[in-house]
Structures are given as structure tokens and as C-alpha cells.
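A, B, C, D and E label the chains in the order they appear, each numbered from 1.
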Amino acid sequence: MDNILSILIFFPALAGLLGFIVDKDSARAYGISVATIEFLLALWLWMIFDGSNGGMQFIEMVPLIADFGISYYLGVDGISLFIVVMATLMVLLGMIGLSIKKDIKNMIISLLFLEMTMVGVFLALDAIIFYLFWELSLVPMLYIIGAWGGPRRVYAAVKFFLYTFFGSLIMLVGMLFLAYLYHDITGVWSFAITDWYALVLPFKYQMWLFIAFFFGFAIKVPMFPFHTWLPYAHGQAPTIGSVILAAVLLKMGTYGFIRFSLPILPDASVEMITPIAILSLIMIVYTAMIAYSQKDMKQVIAYSSVSHMGIIMLGVFAMNAEGISGSIFLMLSHGVVSGALFMLVGVIYDRRHTKMMSEFGGLASVMPKYATIFGIMLMASVGLPLTIGFVGEFLVLLGFYKISPIMTLIAGSTIILGAVYMLSLYKQTFFGPVTNQENHKLKDLDKKEMMSLLPLVAIVVWLGVYPKPILEPIDNSVKHLVAFMDKKAKTQEAKDIIISTTLIREEK
Amino acid sequence: MENLVYIALFAPLVGSLFAALFAMTPKNLITAFVTSGLLFVSWVASSSLLMYVMDHGTISVNMMEWIAAGNLTIDFGFQVDAITAVMMVVVTTVSTVVHVYSIGYMEHDKGFNRFFSYLSAFVFSMMILVMSDNFAGLFIGWEGVGVCSWLLIGFWYHKADVSTDVNPSISPSWAANEAFIVNRIADLAMLIGIFLIYWNVGSLNYDVFFAAIPSLENSLLVSIGIALFIGAMGKSAQFPLHTWLADAMEGPTPVSALIHAATMVTAGVYLVVRANPLYAEIPNVSLFIAYLGTFVAIFAASMALVNRDLKRIIAYSTLSQLGYMFAAAGLGAYWVALFHLAAHAFFKALLFLGAGNVMHAMHDELDIFKMGGLKKAMRGTYLYMGLASLALAGIFPLAGFFSKDTILEVAFNEHTYIIWFVLWITAGLTAFYSFRQVFLTFDGDERYKKETDAHPHEVQNFVLVAMAPLAILAIIFGFFMNPFKEFATTILPAYEMSEHTHHIAWILIIVTTLIAVSGIVLAYKKYANGLVRDEKMENSFIYKLLQNQYYIPKFYMEFIAKPYKEISDILWNKVDMKVVDATVDGIAKIIYFTGDKSRKMQTGNLSDYLNWMGVGAMLLIVITALSMSLS
Amino acid sequence: MEQIAFYLFSVLTIGLFLVTVLSNNVLYAMTSLAAGMVLISGFFFLLGADFLGVVQLVVYVGAVMALYSFGMMFFDATKDIKEKNTSSYLVFFLSGMIALTLVIMFSAPIMGENIIASYPIMAGATNPQAVGLVLFTKYLVPFEVAAVMLLVAMISGIILAGKKMDDSLTTKDENHEEDDTFSRKDIK
Amino acid sequence: MLEPINISMAELNLSTLTPMLIAIGGALLILIIDLFKDGLHKSLYVMLTLLILIIDLGAVMGLDVNQRGFFDLMLIDGISILSQALILFTSMLFIPLALTSKRFHEYSYPEYFALFLFMIAGFQFMVSSDNLILIFVGLETASLALYTLIAMHNRPSSYEAAVKYFTMGALAAGFFVMGSAIIYATTGSVELYKIAEVLQNRMNETGLMITIIGGALVLLVAFGFKLSLFPFHTWGPDTYEGASAPLAGYMSIIPKLSATIVAMRIFGMYIDIGIEEIRIAILVLSVLTMTLSNIMALVQSDVKRMLAYSSISHAGFIMAAIALDTTKGNSGIFLYYILFMFTNLGAFSMLWISRHKNSIFHNRFDHPYEKFAGLVKVMPMGAVVMALFMLSLAGVPPFSVFWGKIYIMSSAVDAGYVWLALVMGFNSAISAYYYLKLIVYMFLKDPVNNDGTIYYNISKPLMTIIGLAVFATVTSVFYVQPLLEYITYMVGASGY
Amino acid sequence: MIGLSHYMILSGLLFSIGLIGVLRRKNLLMLFFATEIMLNAANIAFAAASHYYGDLSGQMFAFFVIAVAASEVAVGLGLLIVLYKKNGSLDLDNLTVMKG
């Protein structure tokens, strides 16, 4: 099955189309079935994926607009593989835990389309196809936030859409410019990322292109000061929306940096380490502090997402395999953990229709299972060793230490500040006596919720203890990438900073 | 032997997971039996390992690869050498006792099963901490014990927050969070140390790192040493990261005994001892450690002098004793530090467990001013606590005498007379406050009858029996000093006293014993016949200062916690909402507003439209004129 | 002679047209417009474009003015029309500036020396002949298109001025009188 | 005396004229049929028009590239064929929109269809000549017909629309004529290729530059009006609002396309001979146009009016491509128009089928946003389709307009105008807001009026057209390549 | 000697006068007068250039301009009639329903 990637992308979309026919009451079951099949397909892809090969696999290429160099070009490597698996998993679990009653069919169909776009973004190797899925992913998300969200949902949804749209248009100009440069040098039009890798560009162009791409990716990540759409989006989105948004959509930005900025513009990337790192540090510290002052549980997690994305950004710009692998792993772990946390907040929201921490207190006494799972996720979120959260965070900080010890120290404050806001959240909601009478009646997790949360708990522990099955393919691809960047970098500064693992091994 | 390693390590984990299965069900004794049993198994395994290591030297096992990225490879690797073996035995011994003790202590608690699960999980983490053969593994255990400590301090999470006047620790959950967060501050430094090691050595394994030390620059070693020590400071509650330890007394008393006296808090000492090749290379840092330890010793002792809270007094004494250990380690007498660590573990755990008995009897009343005369009701406990206090005070022939005296000798030997003097004073203070506590609790008039409605009674017999091993060890452990030294120095540098010190050793012993005894005597005089409150003294500045822990918690609250909260609020309300977000919205609003303004040009009046065309023509003329003149 | 005629005509035309655009009386405006048109045909004659001059007279003075007169009668516009000419400063400023630009432009040496006429005025032929020749060869297509245009104009005029426009089907509610067979059959 | 002139038919190359003749003949046929029999149903005329357009299209497709006819008056080059084909194809898609279920005034006239065909013929003449006279006459023919078509909708706003359009058109015609006169005065010619030659020679004459540029500017005013560039666009929104939706949709494409072709010919020539000022003027106008009309579209409360502003903004986009004056840019214009046409066809058809006779949602507007509130609940399919068109207009891939957009942006980048591409990007982002607004109304709000009569005017032919538009909008990625190949060939062949 | 520029300047002036009218008039009928002036101004330029170059194209253009002017009058008047029937006035200020 050579075209497994296409199947992965279009199966949910097709299923979504057919979903219009499915009866309303069976829609959820339909969605879960489709998502399960999709997840199994993704798993199968993982199985047949050659983890020791750092390059692209399962490449598919069909020229679409040959005169303009646009082709339907897909491929997967260790960097994208697991994000895809995680995306399919999160959709599946999100659907299982879905508690929405209103217009559920529309929700299922939107989710399936969203799944297509998410998988598409990570598998695309053609910039335009990438851009296509990238933009398209906004649409179902807009609908999900806007139709099922909280009181200010329309504002949040529109803000989310426009902000991202704005950034990505600048990125599009960058892509067009890159394609132009490619055409200028080779005489052929191409939007294939792999073709672009071969370009060795003058430093000045690299900088401009970097900035153009930066806008697209940074808004998605979202980096400070472009992050303000996120709290609204999360705050207003329904549970499933937040889960997908945090778990997958944000990763598109960081993935973009790895896929585009680093290998295509290595010199500029190195040059921009400091500004990016400063922004990331602001993200890490500043949003962690803001998270601490939130009153809404979901907002805490939303801001914590920003904070964690800051770490991921640092890892991406660590310019060594440790940092980049770590940041990819952290993308996965943050996906799982923040997804789970949003689901958990959703659980309580379904019961009480409020997310304000002041409404709760002492939940641990009333809902012990819930408190336990929340606690596990909390610990994963603050990066406790032997949970999934530690591996990535550790590697990122370790990797970035090579760039700047001081910055790493500041970034490392995340383990303190993260603990501060998460523990404060946990204390306010779960500890203490049950003050609010309504909370006495709360039911603990039901079967449906357990079904969606337990796999995540299992993953959190499994990958925390034994990350190798995932880390190794990632690492192979990242080593590949770093070695490539090292070879391609032109400025001495860049060569000094990019640490190619293989080269070091040779020296030894 | 490998299997023994795994058994020792994983038995507690199995127990913990087993107990976790019952975590949400009502009390089930089986969890207690299984966990205790498995811990006993672990103890047996640890002891056999100790024997084995004595004969055959270090055992190393590599379980599997954990993290591998770039050049970094971290394995789940374990090694059992002399230090580890000692730590393992100490840990398993104390924890087995505490487990059994807890069966009685937690008898009526709703979270009985959960408690055993946590407790075993803690032991598992502690075992990882001491057994790992690399810094990453150490860090796993390091954080693991942190979490378990968090869970156990906050075990009675349902208690509400109260103001610091009523309870300086506010609430168990508050104390738990404080402990976790303060520890995390230190962990960050430790992480930095780990990064430094990795990027300069390329591996996190102890052996590789220690082997590379000679080739590393001194400044780098200093940085690593400082970073790791800051980590140790957090876990071992050294000044200024000490506040959490006293608050940690909010946890159930067995927890205090196990975690906050015997095992976890000594992890910092363990780290310094473990990293002895490093600290041996950086004498300045070591000396600083010694001074800091000394300072903490007297600092904590001073706070213990006036405290009225039974457990807090013991907590401060723990802090003080940790100071002793650091002083020893800092002075290069690693095996002495380790020896004091072990001895302290036994008698301090005993002391805590005794305190737990008292608490039980007093219905969780902790104010020693409200007790008195309990010895009638609780003879066994009185015996145990007296014994432990004697050990703590360093009275011959109890364990504390040997270990503490050796530390003082070391201080003297190193010509760091200040350290010696301060530690010597502290020894006196220690004796005083320990016995102040013992006398106020057990002797004198039965104040509790007036102040509380408790009916004290002795604990179950099996609990007392369970405590016996600790009591025995507290008595006899000192006599094992020489074999211990022999064993430990197989991998630790053998610290030898100079001739001179050797000669005056007996003088030192006498001097030390004198001050300890006088401390006890003073305490007896003052408190054995009942409590006479000295209002004047209690209102004096120093008394208040000590009682309020030098106002350090208050300082942290006022100058760190509150400002942090306030800054956070400002950042959110003012910066994020009013500046960052408002800028974005502002841009959108400006665009919208411009649109609203410019739609005014569309007046609907044709005449205006035609004029606009004229304006347009004019505009074109101007544009071109400009571009012509510019080019 | 030519100069006198040019300046005289120029001054007169400008004057008349100024009256046209500035007078508030529609009758004056129209009359002066007609007179101006006549004078413009004078320019044409002056420039040797006899045919054009005649067409100008016929079309403008004959047809267009007649149409306008009819229109004026229809609209009953002989009565004074009150115009609120606001923002006249802007108008004069704009027009003045544009006029100035045009004058500056035209003061340039526009006349090209080496321009070869594509359709030279034939020596032997009168102007109408020459015009006819070009019009019916080279410009036959535009001529025909102009015919179509006039047809369009005629149709438009008829439709717009026709009675059928008085009653609008667009706004008429047809709830009870549905459209014919087609829509009834095909409505969803 | 004059010599008789001998002209051979072959030399005339009459085939270049056939397409227009077919349209004119068809129009006459319709008029004649009407003479013979009164009261024939509009469907007859629609189909007749369609057939005539098909024949016309066939004739256009049969033309060879780069031939001249009729004393070199007709110029059938690649862009002429291309634009004629596009005009005819678009007309074929728009004319069936007359087949509504409700009656509208203009369709009760057979003359409507005749005028429509005359108008098409006018546009065809306009794009297939480089003689300013024929361009002018063609333009006026088409415009006069168009004014009438607008007014024939027969309600107060449509007269107002027609009068506004007409009056401004008359002024623009004045500018056009004046511009031509200036050019003629400087070059002695009204044919573009000759003008280009003469101008090239006269470029160096001192003091003349100002006149050369001046002439172009005056023409630019006229084209600014036709292409609705700021600040000559003011007729646009009002006319779109007053006209019927199909006509408004049509106006957003075909008259502008024709004017674009002519502008391409004229201003392309100026830029070619190196008059940068014209390029700058066009760029300034187009940037102003896309930005200002975009932000004005933001504040609209009527969908049709919003679409009017959006069309203006798109025109600004296209005009910018003219300023680039590269083959890629010019090809991009065609690609853009074709892709834009499908989407706009769909969007305006959707408005058309939701048209009520009386404004029941708003006392002035036919299509206020509120009308579409909660549409997804009432008519999910309709809402989805409309949303597709809106997304396409906003430039969300893979819908049609996106490909046009990136092609034009790419040509801007290629020509070294990265800033222009960025401005286009910013504007797309701004424009997304108002397209999104409709989606928000349709999907995220609750219905105001839930009696299900929003698609009041629906009929099978209209649905077919919308279906076509949806299909073309969604599957655009598959036909862009052949289209682009063809366009690039045609444009390249005609030397633009 | 009268040169082309003289005629062109005259044409320019007349054009501007027409423009004044177009921009200033509120009565549609009188506005149309002004557009006629503009067209005629251009015609003078055409005729003059035609004369000085000895080329007939200008006269052709002028001829077609006259034709167009006539057509425009027809359509324009048609529109005015419709408008007048409905509105009873030709004042532009009454024609401002659509705006914004």
C-alpha cells in the first residue's frame, strides 16, 4: 500500500462527506468508528515505517499545476509520523469523550474534516499543499468554536481565524518568494519542500524569508506577543475544540519551523536564535505568571499551553539533535497532556457548567478517580520524570543549554512556575473541604470519560518510562536534519552553533 | 545478584501499585500487609546486597535504555556500591518499620489504602534515587520522592486553609505545595548541573563523570558543584530553602518520620557524598557547604528552642542534624556524614514515631504546653522518645554520640574552629530542646486534663514492637562505627584524624558530652516539674524572632509569594489584556473605524461621486508629478 | 484672418460654455450650449474638416438640441431650477487645477515633426470625399458598430420611456398570481 | 477624382468579425421574433441567447491566433480570443439566471436579451482591437446597453443605480475621448501599435514627456472608472445594489475584464516603453483600491453591497497585475478572472435565489446579513455552498480564487514587488473578516426568520448554475494546470 | 500663426469648463449639457490635430464621438424620463437612497 498517506488524509474527509447521510442519533458512533479506523491506519503506518531511516518515506507525488510547480507531494518521516498518530488518537479520544448534544452530526463531520486537514498539514511536502491544509484547518475549527462555544464564541472564533489567516498570508508571500528564488536559480518552478532544501540562499534573503515564515508559524504557535487569540479560543471553545487545538493545531506552528525554517534557512535560523529565544522566554515566564492569576481552570491550561509551547520553540532553536528531538517529543507529550487536561476540565464543565476555580474546592473527596487522573496529568504537565512530560522538557532544556546557559536557566524556571500555577489550580479545585453544596452531588467519571482518559494516562506513563519506540525514529530524522543543516549552513557562526551529531560521533 | 537488585528496587513499586488498586475502596488491611511484606522483602534483598557488596564490591546492572537523543544516552542503570547499600538498608529498615507502625497509626483513616500506596511509592522513588548509576536516574528519584512527599504531606487534603496565626503551615495542601515548589527551585539548579555535566563530559553516568573530573577545568567543576549542591539544598531543606520542612509536618506522622527525617531529606547529603570526587576537587565549595551546614545546624536549633509544636521541634532538630551532616561532608569526612545520616535516620524516625504516638493519644494536639505528665499513660513511648532524645543529644553509648562526636572531631581536625565551636554550641542546644520537649510532654503536671479533653492511652503493642528495631539500632548502631568506616571507605575517601586530634580526642568527647549533659540538666531544671511560663521572656524580641522562624516564612510570603501573585495579576489584567490583546484588537478596531469613516465618502450623492472623480484625476496628477520629480 | 477667427471663436465659445455651466436658467444654458456647438462647427470649418462641421451642425444643433428641448419640455424645466451648488470651491479648484495641467501639457511642443499621416488627406479630394473613403474602408467596422450603438440607444430610449416601465413586475407581489407554467412545475 | 479602391474579401479577413456578427445577428433575431409574436416566455429567449452564445463561442474558438482583419482594425491575438471566450462563457453561465421562479421586470422584455447580446458584441469589439476608435465605440455600445439593463430591473434603486452609472460613465467617456485626443495630438495616430512606435521615437523630445504622461493619465481616469478603481469606484456599490443580483455579478466580471484587456493593451504599452510614472500611478491606485474598498466592505450590513466592495477590491488586485506588465502577471489576470468568475457567479446566484420581491428583513437592503442568520439550521446545504463561495473569495485554499491569488502574488514577487504581494496578503486577511462575517451569520447565529422562505426565488436552472459554480470552485485545483497552460500560451503568443 | 497648441489649449479650457459643469451641476439635464461640452472639447483637439498632421483619423474619431454623444443623449434622456416619472425631480440631491 504505497498510497497509505493519501488514504490517511482523505479517508476522514470522505467519511465526513458520507457522514451527511448518517442518521443523527448514530452520528457519534459513526464518528468513533471512522476515527478508530483512521487511528488504526495511522498505527499501521507507524508499523510499516522504517524507524532507522531518517529520510522521507512513503513518498507520493502527483503534479497538480506543473507549470507553477505545485504538486500533490506527500511523505512522512520521524518528525511528522508521530504527530499524525497523535492527531488521529486525539480525535478518536475526543470523540469518545464527546459530551455535546446539540447538532452532534455537524460536530462529527467538522471533526472528520478537521482531521483531514491536520493529517494533511503534517504529511504535505509541497509548500502549497501544506498551506492548503494549513488554511483549511481553520474552517472546521472556526465552526467548532463558533457553534458550540461559550458566550463570546463568535468573537473568539473570528479572532482565531483572522489572526492565523493574517499570519499565514505573510508566510504565503514568503513561500512565493522562495519559489521565485528557486525558479531564478534552477529555471524550474517548484514548491516541493525537498527541492527547496537544496537551495543555498544569500543571507539577506534568508533573513527576509525567515521573518515571513516566522509570522505564519509564530501566530500559530502562538508566540508572544501574538498569543492573545489563544486564551479566547480555548476559553470559548467546547472541550473537543480545545483538545484538538492544543494537541494538534498549535503543533503546526512549531512543526513548520522544523520543516521549513531550519533546513531551508539555516543561517538565518541561527542568526535569529536570540530574538526567538527571548520571545520564547517571555512566553515561558510571562504566560506562566498569567496562568497563575487566572480564575478559570481552562484559562490556566490555555496559558500553560502557551508557556509550554515556549519550551518547544526553544528546543527547535537549540540547533542540536537533543533539543530538536526533545521539542518534537514535547510536542507529542504536550499534545497528550494538554489534551487530557482540557478533557478533564470539560468533564467538570459538563457537570457544573462552570469552569471557575472559585466554584470548586475539595473535588478530590467527591471525585477521587477524576482527581487521580487530573493529578497524573498535572504531574506530567509539570514535567515529572517517568511521565511523558519530562522527557521532552529535559531534552529541550538540555539541548538549549548549549546555546545559552543563562537563557536555559530562565527557561528552566518553567519547572518552578509550572508547578506554581498547576499546583495552585489543583489545590483550589481539588483540595480543601467541599465548600459548595452543589459539588456534593457530583458524580465521578463515567465509563465514557474513563474510556477517553485512560488511554492517555497509559500513554503518559508508557512514554515516560519507555520513550524509545518514539524517540528513536524522531531522533534519527532529526539527526538527519541537523547534519543536513550543518552541511548547508554557510556562515561560520551557524556552523559553530549547529551541532551535527554524526560528526561528533566520527570525531570520537 | 542482579535479581536481588531488582527485587530490592521493585518490591516497593509492586506494593504501591497493589495498594493503588484499592485506593478508592474502604480500608483493607491486606494492602498494609502486602506493602509491608514487600518492603520487608526489599529489606532482606537490600541487606543481602549489603553483605554481598561487602564481600564482592560494586554490582552494576543496566535495565534498559531510557532516553536516547543526539549523543545523549540515558539508561535505567543501577549500581549498588557501599554508599548505595548503606542507603538502601537505612531506607528499607526505616520504611519497613514505618509501614508496620502505620497500620496502627492510620487505623481509622479513610485513606488507609491510599496511604500505603503512596508510602510504598515513596520508598520506590527513594530506592531509585540511591541506586541509580547516573544523574538522570538520580533526578527521577529526586523528583519522585518530591511528588510522593507532596502527596503525603497533603494526605489530609480535605482540611481547610487557616490563617498563619492558627497554624503556621496553613493547611496540609498548602504545605504540600510549598514543599513541592521550593524543591523545584532547587531542582532547577540540579538540572543545570546535569546539563553542565552532559555538555562537558558527554555522559551522565557517575563513573564517566568522576573519571573525567581531572580533565575538567576548575571553574567548571565549581559551577557543577554549586549547581548540584543547590539541588541538594532544596531536598535537604538547607537555608534559605528550609521553610518547607517545618510546614511538611502537616503530613501524617509516619510520613514525617520516614520522609522528613530519615530518608528524603538526607538525599541532599547523599548527593554530596555520592559526588565526593567532585567536591574533593573544589575545596572552596566544600568549605562553603560546611559553613552553611554549620549555620543551619545552629539556626534550626535556635528555632527549636522556643517552639511549642511537638513535631516542629523534631523537624527543626532534623534540620539541625542535616546541618551536621553537611558540615561533615563539606569538610571531606564523607563517610562520617554518611554514618551520621544512618544513625540519625534511626533515632530520628524513632523520635517521630514516638511523637506520633503522643499525637494519637492527644487527639492530634501538638502543643507541648498543653501536655505534660504523659509518662504515666504512655510508658513505652516515653521510653522510646527518651532514648531517641538521648541519642540525638549525643549521649554515650547511643548512636548519636558516636556520629556527632566524630563530626566535631573532624571540625576540630580541619582547624575550622568556628565550625567546631558552633557545632559544639549546637550540641548543647540540641540536648536542651530535645529534653525540653521530652519533659514538657511526659513529665510534670498533667496540663492536658485542663487544656484538652483527651484521654491519653498507650498505642497498640504491635506498634511498640514495630518501633523496637529502631530503638535497638539507635542504641547499638554507634558500635558499628568501625566496620562501617571500613566498609564505606572502600569507595569513599578514608578520612583520618591527624595525630594531634587523635591525642586530644578524649578531651573533645568530654567537652561535648559536658555541654550535652548540661543542656539536659538545664531542661530538667526548667521543665521537669511542670511548665512555668515566663511572660517577659516570651515577649522578648529574640523569643518572638525565634518563634516566628526569624520571620523568614513571612518574608517569603510578603516579598515573594504575594508580589508574584500581584505581578501576575498585573501582567494578566494590565499587560496581557490591556496592552498585548488591546493592541491586536486596537489594530482591528482602527481598520474597522477607518472603514466606517471612509464609507462616508459614499454619500449616495452623485454630485459628490463626480467630484471624487475630479479628485481622483487630481490625485493621479499629484502622484505622477511626485514620481516624476523624485526620479 | 485665421487668427482673428480663432481668437474670436475661442472667446465666444468659452464665454458661451461658461454661461452653459454657470447659468441657473436652463433655457439660457441650453441656448448658449447650442450656440457654442455652432461655433465649434466653425472651428471645424476653420480646420478644414468640412464634413465634420456639417455633422456637428446636423447632429448637435439639429438632433441633440431638439432632444434636449423635448426633454426640457417633458420635465417642465423652464421654471427656474434651484440648485444647491455646494462645495463650489472644490469644484473650481479641481477644474482649475486640471485646466492648468492641461494648459501646461498643451503648451509643450506637441506637434511632431516626423509624423507620417496614416490616412493622409488626399490632395484631389474634397473633405467629405476623403472622409467617406476612409470611413467606408478602414472605419467601416466602427461605423457599423456605431449603427448598432444607435440601435441600442434607440431600443433603450424606447424601453425606458415606454409605458411598460410604469408598472414594475419586480416589486409586484405575486403570491396569488404565480408565474406561468415553467416555474410552477419546477419550483422546489 | 478619387481612384476606386479594390478590396479583396480575403484581405478583409472577415472571420475576425464573425463572432461579433453572430452576437449582433442573434440580437436582431430576437428582436424580429418579438416582432412576429408577442408574449413568448422568457425561457425561449434565454435558450435562444444561450444557443447564440454557444455558436459565438464556437466561432471564437475557431479563430487563429494573431491575425488582423478589416484594414488591420480588428486584432485577434491571444488575449482577444481568450477574453472573448471568457466573456461568452461567463455570459452563458449568467444568462440562465433569468430563469427564476418569480417574475422580474426586465425578463418580460425580449429586448433585454437583445440588449444583452448587443452588449456582448460591444465587449467583443472592445477587446479585439487596438484602434482607440473601435475600442471607444465598442465600449459605449456595451455601456449604453448595460445602463439600460440595469434600469430595466425597474425599481427606484435600479434607476438610481443606472443614472449614477450612466452619469459617471459619461464623464469617463469625456476623459477617454480627451485622453485619446491628447494621444492623437502627440502621435498622430489612434492605433496602439503605431502610437507605441511614435512614442518610442518621441520619448526623448524635451518637454513632451509631460504630455505623453498626461494623456495616459487622462485615459487612466476613464479606465479607473470602468475598473472601479479608487476614487473612481463610487458608482460600484450603489450600482451593484440597485441592479439585480445576476447583473451585478456579471458587472463584477465582464465589463471589468473587457476594460482590463484594453487597459492591458494601453498601459502595458506605456510601461513597455519605459514610462515608470504610469506604473507607479497604477500601483498607487490599485493599492488604494484594494485597501480602502476592503475596509469599507468591513462595515457593510448588506451582503450584496459587501460583495460589491469586495469585487472592487479584487479589481484592485487585478489592476496591480497590469502594472507588473509581465507575461506571468497578465496570465494571472486571466486566471484570476476565470476563477473569480466561478465563485462570484455562485455567490451572486445564491443572493439571487434568496431574493424577495419586497425587502422583508430590512427596509433598504435585499440581502442584509440578518437574512442569512442561522441558515445552516434552515437550509444546511445552502449555507455550506454559500460558505464555500465566501471561503473561496477570502482566498482559502483549495478553492478557486486562491489559485488566482497566489498566481498574481507570485507574479508580483517575480517582478520584484514583494511589498505588493505583502499588501495583497494584508488585504486578503482584512477581507477574510467580512466574508467570515457572513459565515458567522449563517453558521454561528440563530435564525431570525425561520419560515424557510429564504430561497424564495429558487428554480432548477438556478440550482444547476450554482451546482456548476460549486463544482468549479471546489475542483479548481485540477483544471488550473491546463487552464494556465492555455492562458500562458495565448498571452505569450500575443506578446504581453 | 495659430498652431496645434493653440487649439489644444482651447480644447483643454473647454474641457475644464465642461468639467466645472459636471462637477457643479445638480440638475441632471444640465449636467448632461456639460458632458456634451467635454466631448466637443475633445473633438476640437481631434480636428486640430487631424488638420495639422494632415491625417484623417482624428476627424474619424471626432465623427464617432458625435455619434456616441447622440446615443448617450438618447439613453440619458430615457433614463431621465423614467426617473422623472418616479421621482418627479431631476435633482441629484434627491437621488441618495443608496449610500454608505
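Definition applied: contacts are C-beta pairs under 8 Å (C-beta built on N, C-alpha and C of every residue); 3 or more make two chains touch, one makes a residue touch a chain.
In this text the structure is predicted, and so the values were computed from the model without any measurement.
*Asks:* Quickly list, by label, the chains bordering both subunit B and subunit C.
*Replies:* D, E
*Asks:* Smallest number of touch links from subunit A to reach subunit E?
*Replies:* 2
*Asks:* According to the touch definition, list the chains common to the neighbour sets of subunit B and subunit D.
*Replies:* Touches both subunit B and subunit D: A, C, E.
*Asks:* A-D versus A-B: which has more C-beta pairs touching?
*Replies:* Greater number of contacting C-beta pairs: A-B.
*Asks:* Report the chain whose CA-based centre is farthest from the CA-based centre of subunit E.
*Replies:* Computed centres place B farthest from subunit E.
*Asks:* State which chain is most central when centres are taken as means of Cα atoms.
*Replies:* A
*Asks:* Using CA atom averages as chain centres, what separation in Å is found between subunit C and subunit E?
*Replies:* Chain centres of subunit C and subunit E, defined by C-alpha means, are spaced 5 Å apart.
*Asks:* Roughly how many whole angstrom separate the Cα centroids of subunit C and subunit D?
*Replies:* Their C-alpha centroids are separated by 26 Å.
*Asks:* Averaging over Cα atoms per chain, report the distance between subunit B and subunit E in Å.
*Replies:* For subunit B versus subunit E, the centre distance works out to 95 Å.
*Asks:* Indicate the residues of subunit E shared as contacts by at least two other chains.
*Replies:* 4, 8, 11, 15, 18-19, 22-26, 32, 43, 48, 50, 53, 55, 57, 60, 64, 67-68, 71-72, 75, 78-80, 82, 93, 95, 97-100
*Asks:* Going by the contact rule already set, what residues in subunit D reach two or more other chains?
*Replies:* Counting only residues that touch two or more other chains, subunit D contributes 133, 137, 140, 144, 147-148, 151, 163-164, 167, 171, 175, 182, 185, 188-189, 191, 210, 237-238, 299-300, 433.
*Asks:* Where in subunit A do residues touch two or more other chains at once?
*Replies:* 162
*Asks:* How are the chains arranged in terms of who touches whom: line, ring, star, complete or other?
*Replies:* Graph shape here is other: it fits none of the named patterns.
*Asks:* Could you list each pair of chains that touch one another?
*Replies:* According to the stated criterion, the contacting chain pairs are A-B, A-D, B-C, B-D, B-E, C-D, C-E, D-E.
*Asks:* For subunit D, which residues are in contact with subunit C within the complex?
*Replies:* Listed in rising order, the residues are 1-2, 5, 7, 17, 24, 31, 41, 43, 70-71, 73-74, 99-106, 108-109, 111, 114-115, 118-119, 121-122, 125, 131, 133-134, 137-138, 140-141, 144-145, 147-148, 151-155, 158, 182, 185-189, 191, 194, 198, 201-202, 205-208, 210-211, 214-215, 244, 357-358, 455, 458-461, 463.
*Asks:* State the interface residues of subunit B toward subunit A in the complex, per the touch definition above.
*Replies:* It comes out as residues 23-24, 64-72, 136, 139-140, 143-144, 147, 150, 154, 157-161, 171, 173-174, 177, 180-181, 184-185, 187-188, 191-192, 194-196, 198-199, 564-565, 567-569, 571-573, 575-576, 580-581, 583-584, 588.
*Asks:* Under the definition above, what is the set of subunit C residues touching subunit B in their complex?
*Replies:* Its residues touching subunit B are 87, 90-91, 94-95, 97-98, 101.
*Asks:* Would you tell me which residues of subunit D are touching subunit A in their complex?
*Replies:* Its residues touching subunit A are 376, 380, 391, 394-398, 402-403, 406-407, 409-410, 413-414, 418, 421-422, 424-426, 428-429, 432-433, 436-437, 439-440, 443-445, 477-478, 480-481, 484-485, 488.
*Asks:* Could you list, by residue number, the parts of subunit A that touch subunit D in their complex?
*Replies:* 63-68, 106, 128, 131-132, 135-136, 138-139, 142-143, 146-147, 153-154, 157-158, 161-162, 165-166, 169-170, 172-173, 176-177, 179-180, 183, 208
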